[in-house]
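Shared between the two complexes below is chain A, which pairs with chain B and chain C, respectively.
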Partner chain A sequence: MKLLERLLDRTRGAFAEGKRLHRTKPVFDAAENFFFAPISRAKSAPFVHDPLDIKRLMSMVIIAILPALACAVYFFGLHVLAMVVVSYAAGGIVEVLFAVVRKEEINEGFLVTGMLFPLILPPALPLWMVAVGVMFGVLVGKELFGGTGRNLFNPALVGRVFLALAYPAAMAGNWISPVAEPPGRILQYVSSGAVDAIAGATPLAAAKQGQLAGLQEMFLGNVAGSAGETSALAILLGGILLIMTRVASWRIVVGVLGSFLLMETVLHYTLPGPIPPPMWQLLAGGILFGAFFMATDPVTSPATTGGKWAYAIIIGLATALIRHLTGYVEGVMFAILLGNICAPLLDEVAVAVRLRRLAHES
Partner chain B sequence: MTATASKSPAACGPCAAGLLCDGKAGKIVKDGVWANNPISIQVLGICSALAVTNKLANALVMGGALIFVTACSSLFLSFLRNATPRKIRMIAEVAIISTFVIVFDQLLRAFYWDMSKQLGPYVGLIITNCIVMGRAEAFALQNRPIASALDGIANGLGYAIVLAVIAVFREMIGAGKLLGFSILDKVWYEPNQLMILAPGAFFTLGILIALLNALRKDVPETKP
Partner chain C sequence: MSETSAFIIIVAAIFTNNILLSNFLGMCSFLVCSRQIGTALGLGAAVIFVMTCTTVLNYGIYYGVLVKDAPLCSADLTFLAFIIFIAVIAAFVQFVEMFVERFSPKLYYALGIFLPLITVNCAILGAALFMIIRKYSFWQSLGYGFGAGVGWALAILLIAGLRKKMGYSRVPKPFQGVSIAMIITGVMAMTFMGFAGMVSIQ
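Coming up: the complex of A and B.
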């Protein structure tokens, strides 16, 4: 650490005002920030009270994702790791570019986006698509709105929706069938070229053909699907950590999952034939990953308690409805983006209701 | 842009003594194509600009249609500007505009049936295009015929150029082709189908307007 400090102190001069490298000062700041204490106060959401700051908050999310990442690598192979690396590199370029042009700091928020993005993609997606998707997500989903704290939509989901519309065949076909026996696929590298031999249908897609995957398989992760959503157990481990450290709001998680289960129950008992039971639905697809990691993003979710409940219920209901009543197999992505759009309005309504009640009481 | 006929026109380029367009030809053209471009500055006619720009050929035909309609309707409205009672001018405008739109639509159907099918209702919808009506209200009713026709051509041209630029990007990225010829997809290229869909048009137009605003010095920029 001492060595690092001395190195940073020695190079600091080269980034000072008027010096040659001044334009790239955000890169230096980010490096210093990463290793040592932050040097500035937060000016916009996510606001967090002491002793947490944005950096710690984001680090906690990264730690919480690690079990899901480990499962993804175990079941689907090393290509997932390559996707994470590409996602960080390509998105990082956009991030650094904007920080330099705007003369702002590089924000730690990207560390989370860059990690979440590959985990919501099919695990054999070509690497260049990962790069295009994350660049679009960061550029349009975040930077054009003004950067971290000002974005309306979750950048990772913007990137995914872009890929899903731009390359529908690749996004619907690069699923890998998992291997459960040790050592899984942990020593294999399955990219899109080799995927045909071991392609697997996701549980939700198979269910439309009338084949239901086993609950235990889905709970442990032995099913095809987006890289990070495969194992419910790993998601729960990370998700409970997030809720215990209060990084994620339990209201949002409970609201999303509760309203989702309620809607699925109603749908299942009105149409028991084509629609599998609610507990099965909970473990299939991306609803758990979305509820714990995507919907709880502090920037794009409402800040008020009432707003959070309404937001969560919108997402839960929309997910169930999109799953069963549209041509799409999975609806979490669209549902959360829909919730994101509503978030500012819900906050406004919640504040107005609160004010009116206060005025009434006094 | 509510220019009135000036008393002493200055000499101007090719037209004799500048009498025909009151010596403002240069300004009219510059306004229509660049300084007051109907799409990128006034953000009018967006509906058709988003709908027909998935192929360059469609965009060019649509641009041509708008140049024809705006020029002709502005010309004739200007002829009739002193004879039109103010209270019913809107009806007169719509009648004249729809005449030219129908002429163009019928020509397209007669000779280029495939193109007519691809453009669908959008040629007919030029009748309700804000640009045509806007030029009639804002310019043709206050100016002489030749100047009005020139204004119509300039604004139509401004519209056509922006459409063509959007269409080049959308067809090139979305299909790897240009005017139907293979360009990018001759070599390795995976078409980005989003660009063919409506969101592609929104993104392209949004980015284009942002770039143009960045180029123009007179648009004040405020940082939030």
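Coming up: the complex of A and C.
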């Protein structure tokens, strides 16, 4: 650590104003801030003293994702780790370019996007698709709007939807059937070329053919699916940490899951044909992962309490409807993006209602 | 003639076949008048009203006069459909404008430029033409006109909210204004693709 500090101190001069490497200063700042607290002081408002700054907030999310990532590597193999590396590298290029042009620091927000993105993809997806998806997501979903904290849509989901519409075949295949007995697939590298031999159907896709995966297997993660969504247990562990530290809003999680269960119950009894029961639906697919990690993004969800409830209910209902009434097997990503689109309007309505009530009282 | 019920057509026209987000009709006023939520609401309401009425009017004229062996004229005049539809829409908007100005000046000033703008909103003409292509019955046409109007109003309200939130964004210079609005529209269209196939009307 001492050595690292001395190295950073010695190289700082090379990035100073007017020096040759000044243009790449954001890279230096990012490297420094990742290891140490920044040496700069806040020069402009707001001067808030709060232990939970954006860096801690994002670090907390990353810690919360780790169980899900560990499960993904255990059940699907080392290719998942390669996807994470590629996602960080390719998205990082876009991020660094914009930071250099804007002369800003690289924000920690990208660490979350770069980690979430590979976890919502099929675990054997070709690496170049991961790169294309994350670059599209970071560019269109975030950087064009001004970077972290100013984006309108969840960048990981923009990338995911883009891939799903552009490469439907690759995004609908490339599922790996998991291995539960230790050591799982942790020593294997299953790329898209080798996936045919051990391909597995996701629980939702299999259910359309009338085969139901066991509840216990879905809870522990011994089913095929997107990399991060496989184990409900790991998602719950991380999700509860997020709620306890108040990084994620419990209202959104409860609203999404509650309205989803309600709609599933209604559809279970009204739609023709066998539809698996609501609790099974909750454990299948990406609804848990989406509710805990994607829908609760504080930037793209509403800020008002009323807006949060409405937003969560829209996501829950839309997920259930898309699952059963359209050609898509899973609807969480479309539903959360729809929630993102509605979020500002819901905030406006909530504020207007509140103002009217206040005017009424006084 | 398709068998879909009018109610299903309303739902489909709002979500799965949104006239703006899947057919990209009516983009001009959508991009220009979506900076404020208030104006978006006014324009959206006006579009719903005009679209519903003109679709019904055009239905009556097309099947009452223009088609071959129609009750009022036996010659095949369908080649006139385009120009007649445009004339009907323009005349109807003019009529509504005069009516509103006479009986509710307050509403007239609130709507301001939006009423005349609707005349050149291609979504209105698009709705009338879809009604012909898809061979809708009277009730289906009524449902489609209303649903397409609501879908258009919903889309402009949503983008108005998003653009208001973008007051905090720092968009790169080349993308400011209409270009970033078109990118938002693209993401919205990608999202609405998720509803594709839920209920289908061609």
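Assume the second predicted complex is superposed on the first by the 346 of 362 C-alpha atoms of A that agree within 3 Å, B and C clash if a C-alpha of one lies under 4 Å from a C-alpha of the other, contacts with A are read in each partner's own complex, and residues count from 1 in each chain.
Convention: a contact is a pair of C-beta atoms (placed from the backbone, for glycine too) under 8 Å apart; a residue touches a chain by one contact, two chains touch by 3 or more.
If you're wondering where the values come from, they're calculated on a predicted model, not measured in any experiment.
Residue contacts after overlaying the shared chain place A:119 against neither chain B nor chain C. Chain A is touched at more residues by one of its partners, and among chain B and chain C that partner is C.
Judged by the touch definition given at the top, the superposed model places A:348 against chain C, while chain B stays out of reach.
By the touch criterion defined above, A:162 lies against chain B and chain C together after alignment on the C-alpha atoms of chain A. When the two structures are aligned on the shared chain, A:138 is found in touch with neither chain B nor chain C. Once the two complexes are overlaid on the shared chain, A:73 sits clear of chain B and of chain C alike.
Contact with both chain B and chain C is seen for A:146 once the two complexes are overlaid on the shared chain.
Residue contacts after overlaying the shared chain place A:58 against neither chain B nor chain C.
Taken together, the two complexes place residues 140, 146, 150, 162, 165 of chain A in contact with chain B and also with chain C. On the side of chain A, the complex with chain B involves touching residues 140, 146, 150, 162, 165-168, 170. Interface residues of chain A facing chain C in the complex, by the touch rule stated above, are 102, 140-141, 144-147, 150-153, 158, 161-162, 165, 318, 321-322, 325-328, 331, 333-335, 337-338, 341-348. The touching residues of chain C, counted against chain A in their complex, run 37, 157-158, 160-162, 164-166, 168-172, 175, 180, 183-184, 186-188, 190-199. Residues 190, 192-195, 197, 199, 203, 224 of chain B touch chain A in their complex.
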